[in-house]
Structure formats: structure tokens, C-alpha cells
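Submitted below is the structure of interest, expressed as C-alpha cells.
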């Protein structure tokens, strides 16, 4: 117990891992959400089908199963042996990305048809329509849900402790086994998690306010 | 300039246009009038390739619009062909359909930059000239949401002009406007009609304006042309009963003729 | 029956009722008229205890409504006191507010069963009598969504009557109805006014009906009584300028007086 | 590593035993979440500011921190305070509590969707607060909530593997136990994934039906 | 070959279990414990200066080694026939008997794993995938009364809280755990009757027998010099126990 500051350092190291996981996982989720979300509404049946399969699979199975699969089963197929960090980012990103894909799709479909027609009338190509007109308008619609998704992802990072990635939850376990105290490490990380998710939701809310201010009066 | 032959269009079981034929000369100003639901908007949308056609053939600038030749045979047009043909045509919508996330200047300059590879400074210079022409030189950096309806519609006209199409389509461009804003838009369009030799097709319920604007008026009903001719003839001496009763109703409703 | 003394009510900084006094006798039929926003609805809502008051005092059936005596001192009423006082009062709303998940019969019988402990068969028998009275005997087992607006409002009247209150409040009970359905509701209310000795307060914009219905008309403006008196006097010989101009406007707008 | 059908077949009974526990935990957790969520929703509407605020904070806190850590807390820390719950009970309470913060939002949405006039009509009919809730508000608020509730039920089902961290022998724990003693991860993990997927696909179909049948409330 | 790769990298990746005194992590995050200390000395002699440790479930260690995610396991993973089939063990390093952590005075008189099988109320905790789980299952303890405990501290806590009647680990692990907890209401019963004494070795991937052999050579020198005893005996292990047996014997012992 005497070395509490040392143990706190350990938990803070874990907090840093949690933050990295959250940031990298969110980045991956964002990319995947757009790719799969756009795939869902593609003209190519194969792309649509692929995206749907991905989305249904990752939303349909538990993130723990996905994590264990990526960490333990994937290497045995001889393809690739991800480090715990890679496996964590991959599982979190793909899982949350599947939820995000539906958000992307919904937001794009929510842009009024008029806008597509105006694009055709000024002769933009499909890509230009998406890039310059539709996505910029769809983005503000996605943000609130993306914010919730990011918080869900932050919370889900704790499961990577089960594959021994030294995130905050894992370090709390270590501290617990070193000190014999259960209460202190767990209360500490609960507070830290809450602080992180509060910061996240505040950040998203203020960003959301900024983005929607630009579109004042549009809807 | 435009040749429409035996055009047919149905939505599901509802046939909206049924064997339509007409030609438009280069530089001609055409007004399309007729009761609600007669298919006027549908014709413009078809010319803008916003709809598919159910049958018939359209030629624009000497080339088929919805067809292309491939290995000697005529086949339905693909996106690349449509994209090429759209260069000739511009459209102004009833509800303006400005891009709400772009400034007035960007609304106008974007398409020339993206579709014709114009340099940004050139495109923006021309956009400012067009804004000047529609009387909005001072609004270049406003967002669409900060404009009145009439101003929005004038921006939309400038946006369509920026691509320098040979054919312009106007679909009830004043009917979503408050009455006191109508005049400023009509003003711009009259000037446009007089100063350019663009081919123009105008759908409107403003009979007075159709009269001043058009070289030829087509009266539609149920997806067919009932009567056509110079405005003076159509408005003062219509031949067909349906035209007469339509015009009488319009006048009774207090619209200008 | 009702005594209102120096009543005040504000929403935030907006004072809606400012020092209002009036009494209502047992069995009296009162019509409250006045321009929009003058506080008519607010008065009824206060009597129904749907709002708090900001100051003043109300007595209903000889007891204070928003106050009660506790250890000799008068203190703000608690929920139990309000609950007790509400027995005296019923209200019919502009938008009916029927319970959409209950049948017409249940809408009427529910409150007597729950609040007065009536036996279900007794309550339902009475509910049928009331339905008969409002001319809807055959609709007992319908759901509210299957009724027209006028029928809904008549059910709402029956529901309020089922509790046999001594005071009934009616807030623009016909203004959400299509014109052709207004008469059937007014019919029921006229009968009610003539056949019972309930005390009734009616807010309405139907001047003709107010005239026929009321013993006394109160003309409100800005939360105060500007003028009051028998209907004949108010409608045909108003004294105050504001009353005159209000009535003139109503007549110009084509309402019945 | 090859897929071994015989092995897969031999571990199926053990996995199904775990699957049973998973279903039981989900069902019980759902009941807790449904009841507690309603309590949260009602307390948050309380006229007593302190009660409403405190409930709001508790709900935000629970929602902002990972379920896994909450489970550790309930299972390992509470006994220090004299509350010793069996593993399954602890898991059900943990999951129920966590998801109650979500269902509370659904209740809130459903309750707020009931027209204001209904409260007033209830008052004009002189119903007590209790009678108003039971006879007027809830019967109208609940049916439109059903799809959103079912959605969270499915989400909770997918989080049951977390219970393995507090020694509940559910599906994931059975699979890990098989994997630990046989050194084979491919078969158990894949089978767990498939079981989850089957349940999810069936549920999604059911969910679509519910949505058509009851409409939608909340997010 | 593998050793050259490790020398180039300058570090060797090992799997550990965070179970003192076999393996431990200090407040500063530094890896210690008897098994990593021996490994550190041997690899230093082989010319690999650094250890990079990942903490794993016992059950996850062998798959991780097979997946190439770690180069060696030095965690007190006892040799047993099926494990010897799955990995390449070095010569023995740490030996220990099995023990039970239970309430002081052993009120229910548990002495062997069979005792748990025979008492229909008894609940035994053990780490998932560890030797104790296997022994208990073999002794007939049914699955639902054999609680898979995620880590030693949880095991201790669960005995304290009365959730399980006993928690089984090697003797030294339990001694260490009990000493740290300072709980005088618990005691360690050792050795478990009928359970063999087990020894661990450093475990390598089957492909890396060269590395294993090189390790064995340096390990033998270490044992010879007495350095080996100086490393492990402070942790409570007996050097003599490891020196007096060998891999073949241990791998054949059920």
C-alpha cells in the first residue's frame, strides 16, 4: 500500500493505453463506417452485399467473440499474428465501424433529393456529387450518433484487458494483485473512465454546435 | 436544337406523357403552360435527364439524349454519355436547390471548376460577373440561408448560367416566392431572354410573363400539346376549348395576363 | 360558488393575470370572451389546478383552492388538498384529450371507478346514460380514434360529467372542430345549460353561442376584466371602446353574433 | 490450424450448457433493466430537484463507465461492504443496472411522447399521480418503446461474455475453458461466434417485425 | 537462426503470468519473479540483453507461443505430457507442489482434489487452463463446482468472501499470496495429497529447438556455478529440486 503513487503511475500508464486505443479505434471505425456505409448504398450489387455482410456480422456477434477471434484464431490460420494492441484496435474499430456504417447510410439518405438533382443539373459526376455536396451536408447529421459511438468504444476498450493488453482495467487488476486492495484501484479507474467519457461527450457537443451553426436555418 | 419524337413516360401504371412530338429551334424561347399535372415539369426533368423515359427519342444539339451508338447499334445511354450531353443543358428549379453549405460565390463557381476544370480565380471572376448581372454583386460571400427567396432564385439562375449551357430550362421559378419578390426574378429573366441567344424552355403559371417572354407558347393537357403558337394568338385568340377554359380560370383566379 | 380575489399569474417575466377579482354564483353560466392572449384559458386552467398561481386567493365551494389551514395558519395547498378540491370541478378541453387507449365507455367510466370507488357495473350504466344524453349511445365500444372531432368532444363532455362536478369549465370546446361539426357540440351544451344547475364557465370565440348560453359575459383584455354584464348588454350596447372594437373585428371576420 | 469436426462435435454439449446460462443471464438482466430503468426515468422526472439531479448523475456515471469494471466492482468490492452476491446474481444486477441507464432514456422518450393533454385530462378527472401513471401514461407510453427495448435486449445479450470475468460459466467462459485445456481456439471461438450470430439474425428479423407493429420511440 | 534474430533484436519476448513468486510486476512496472530472473540471466549469457514481458492467462500462453506472439514462456507453466507435446521445454527450473488456500484450521478437512469431488457442496477455485484445474477435473470435480478464477488476487478474495471453499495454486504462490494479504483467518494446506510435485521450464516453440538447446547449455552452467540457487532460493524455491530431476522424467509424469 505504501507505494501508492507508483501504482497510480501504473494506472495512468494504462489510462494512456486506453486513450490510444480509443483514438485509434475511433479513427479506424470512422474510416470503416464511411467505406461500408457508402458500400451499402452503392450501385454495385457486390459492394452492397459485401458491406451488408460485414455490417450484419459485426453487429450480430459480440465484440468479445470478435476480439478473441482476431487475437487467438486469426494467427492460427497462419495469416497474421496481431499484437494485443493491433487486435484491440481492429476489433474495436471494426465493431463500432459497423454501427457507424448504418449512421453514415442514414445520414446520406436524409439529404434531400433536391440536392442530387441540383448536382445533376450542374453536371457533377457521381463522385463529385458525393464529395462536394452530399457528404458535407450529411456530416452534421452523423455527428451526434458518432459521439455516442465513440463513448461506447471507450467503454468497450476495457475488454481488451481480457487479452492482456495493459489498458487501464488491466493495470487496475495488476495493482490489485500487487497491493491486495480491490476498492482503491477500481474506484480510481471508474472515476477516470467517467472523466474520459465526460470529456468526450463535451468535446463532441461543442464540435456539433460549431458545425451546425454553419448550417443555420438549413433544416 | 431539341427534337422530341413520340416521347412516352409513365410512373408505374400512370402514363404522364403519351406520344409527344415537338422541335425547338436554336435560340427559341418557349413557354409551356397548362393545368396542374399536365406533365410540364416532367418534360423539363426528362430533358435534364432527371428521369428515365419510357419510350420514344430525344435529340439535343444533333445527338440522341437517351441513346448512344455502340458497335453500330443504338443502345440506351450510359452515365458517361448522359454526363457529356448534360453540358448542353442547364436548369433552374422551383425551390432553387442551392447548396446550403456553400457560399453564394461557391455555389456558382463550383461546377465550372469541377466539371470544366476552370481555374478558381477565373471561375470566381466569372461568378462575380454573373452575380452582378442578376443584381447581387454584394452578396457573394453570403450563405444561401441569409438570402430572401427572390435572391436565392437569382443565385440559382447565375449558377445555371455559369456553365454556359446552350439550353436553359426554367420550372416555375417564381411560384415558391412571396409575391413582392417575383418581379426581381422576372426582371432578370427578361433581360436574359433579350440579351442572349440561348434556347430557353419555361414552365410558368404567370401568363403575363409567358406572353412577354416567349416566341412560342405550348399549351399542354394530359401529357399532350393541345395548342401552340405565338403568344398573341394563344392568349388573345385561342382555338381550342380546353385552352379557352384554362385561360378563363387563370384570369378568374386573378393572375396577370 | 367561486370567489377570485386579487389573482395574479405570471409565466417567468410575463404577467398574464394581474389583480383579478370576480365571483360566480351557484348555477350561474358565465362566458369569458376577449382577444387572443388575454388570459381566458389561463383562468380556467388555474381553476382546474393545472397551473400554480403567483398571488391572490381563490375560494371554491367555500373552501380556499390553493391554500389550506394547517396549525391555524394558512399555507399553500398540498397535493392531497388539491385532490380533494378537484372533486368539485370538471373541465372540457379544446383538443378533447380523450384517453386513446381506452374505449369510449372506459373513458367515461374510469374516473368514477378509480376516484369515487364506484362499482364497475354502476359506473358503466351511468356512462351509457351519459352517452345517450350526448347522442352517442351506439358508440360505447368504439375507440376514440374511430370518432369524428365532434363525437370526441361530446365524449369528453360526458367524461367530465361522469364525476358530477359542481363546476364545469369549457375551453373553446368547438374551435378544433370542422365547421360542420360545431353545431352538434353546441347543441349538447345548450341542453346541459338549460337542464342542470351546474355552475359553468365557458371560454369561446363563438359570440352567438356565448349570447345564448350565458347569464353573464365577462370581456377580458390583458388579464383584466374590461367590462361585464348580461349578454344582451355586452353584445348590443357595450360601454367600453375596447369591447366595441373587439366585437367589430369579430363581426368583420364573419363570426356569428 | 485445421478445423476438426470431431472436436467441435465433442465440445458442443459443454458450449450449449454455457449458452443456457447466457440466455438465463440475458433474460434476468432484461427484467432488472426494464424495472430499474423505469425507476430511473421516474426519479429523474421527480419534482424534488435533489432527487432528480442525483439520479441524473448516477445514470450518467453508470453510462459513462465500462460494464466490465462495474462487474468487477460488484463482484469483488461489494463483499468488503458486506454484500456478497453469487456470481450470476452479481452479473445480472450489473448488466441490469448498466442497461437500465439506457432503458431509462427509452422510457423518458416514450413518456415525453405522450401528449401533455393526457396529464391534464387525468388531473381534470381527479386521478391521483399513481393512477395517472398506471391507467393513463404507461399504457400509452410503453407500446411504442418496445422496439427500442428489444434493441437493448439484443445488445445486452451480446455483452454477456463479460460475465466470464466474474466467473459465471456462460458461453464464452465455457469456450475459454475448452480452449485453455485443449489449446485449441479455432473451434470453440468460431462456434461461439456462430451461436451469437444465429441469435442475432433471428432477433433482427423479430425486431423489424416489432418496429412495423409498434412504431418507434427514442433513438 | 532464431538466436541470431534475438541477438539482432536485442530483446526476447516472454510470456509471464503475474503470479508471485513465479512472476511478478513491481510498482514501477519492472518484471521480476523467479522465472523471469532466471530467463534474464540465461539470455544475458546468450547475448540477449532485454526481456519484454506480456502478462497472459495460463491458457493463452501456449497458443501465443504457437502463434509466434512470444518467443518463450517463463511463467511457472509446469511440464506435463500434453504440454511437452505442444511446446519445447528447457530443463527444469522451478519446482513446487500443489497447495490449497482455505480457512484457518481447514474446518472441512480438505486434503486432496478427490475430497472436493466427494463433497457435493464443495467449491474449488483454480486458474483457467492451469495444472490445478486439470488435476481437479481428473479427480472428478464437476465443472460447475470448479470455479475458473481469473487471477490469484481474485482467488484469495473469493475464499475470504466465502464464495469458494478453497483456492488451489502451487505452494509458494499461495504462501506469497497469503503473506501479502496478512489475513490470519486463512491458511495454506500443502502439499495436496496425491498431487505430484511439478517443475516448470522455459517453454519454446517446437520450431525453435535450437534456441531451446542453447538455453539448456547456459542454464546448466548457471546451475553449476551456484548462481541459479542464488537467484531462485530467495523466492523460496529449492534449487536442489530442479537439479535432481530432468525433462524426460517430468514430461512422462501424469
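Order as written gives the chain letters A, B, C, D and E; numbering starts at 1 within each chain.
Just so we're on the same page, a residue touches a chain if its C-beta (ideal position, glycine included) is under 8 Å from a C-beta of that chain, and two chains touch if they have at least 3 such contacts.
Per UniProt, the chains are A = Ectoine/hydroxyectoine ABC transporter permease subunit EhuC; B, C = Ectoine/hydroxyectoine ABC transporter ATP-binding protein EhuA; D = Ectoine/hydroxyectoine ABC transporter permease subunit EhuD.
Keep in mind that this is a model prediction, so the values were computed, not measured.
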item: Starting at chain A, fewest touch steps before arriving at chain C; value: 2
item: Neighbouring chains common to chain D and chain E, by label; value: A
item: Chain at maximum distance from chain A, centres defined as averaged CA atoms; value: C
item: Leader among chain pairs (count of C-beta contacts); value: A-D
item: Whole-Å separation of chain centres (CA-atom averages), chain C against chain D; value: 46
item: Mean-CA-position distance for chain E and chain C (Å); value: 83
item: Distance from chain D to chain A - Cα centre to Cα centre, in angstrom; value: 21
item: Separation of chain A from chain B, taking each centre as the mean of its C-alpha atoms, in whole Å; value: 46
item: Junction residues of chain D - those touching two or more other chains; value: 76, 165, 176, 179, 185
item: Sequence positions of chain B contacting 2 or more other chains; value: none
item: Chain E: positions in contact with at least two other chains; value: 57, 60, 63, 66, 150, 157
item: All chain pairs that touch each other; value: A-B, A-D, A-E, C-D, D-E
item: Residues of chain A defined as touching chain D within the complex; value: 56-57, 59-66, 68-69, 72-73, 76-78, 145, 151, 155-159, 161-162, 169, 172, 176, 182-183, 186-187, 189-190, 193-194, 197-198, 201
item: Chain A partner contacts - residues on chain D that touch it in the complex; value: 1, 60-61, 63-70, 72-73, 76-77, 80, 158-162, 165, 172, 176, 179, 185-186, 189-190, 192-193, 196-197, 200-201, 204, 219
item: In the complex, chain D residues that touch chain E; value: 14, 17, 76, 79, 84, 86-87, 164-165, 167, 169, 173, 176-177, 179-181, 183, 185
item: Chain A residues touching chain B - in the complex, by the definition given at the top; value: 114-115, 117-118, 120-126, 128, 132-133, 136-137, 214-218
item: Chain E partner contacts - residues on chain A that touch it in the complex; value: 3, 6-7, 9-10, 13, 72, 75-76, 81, 83-84, 163-164, 166, 170, 173-174, 176-178, 180, 182
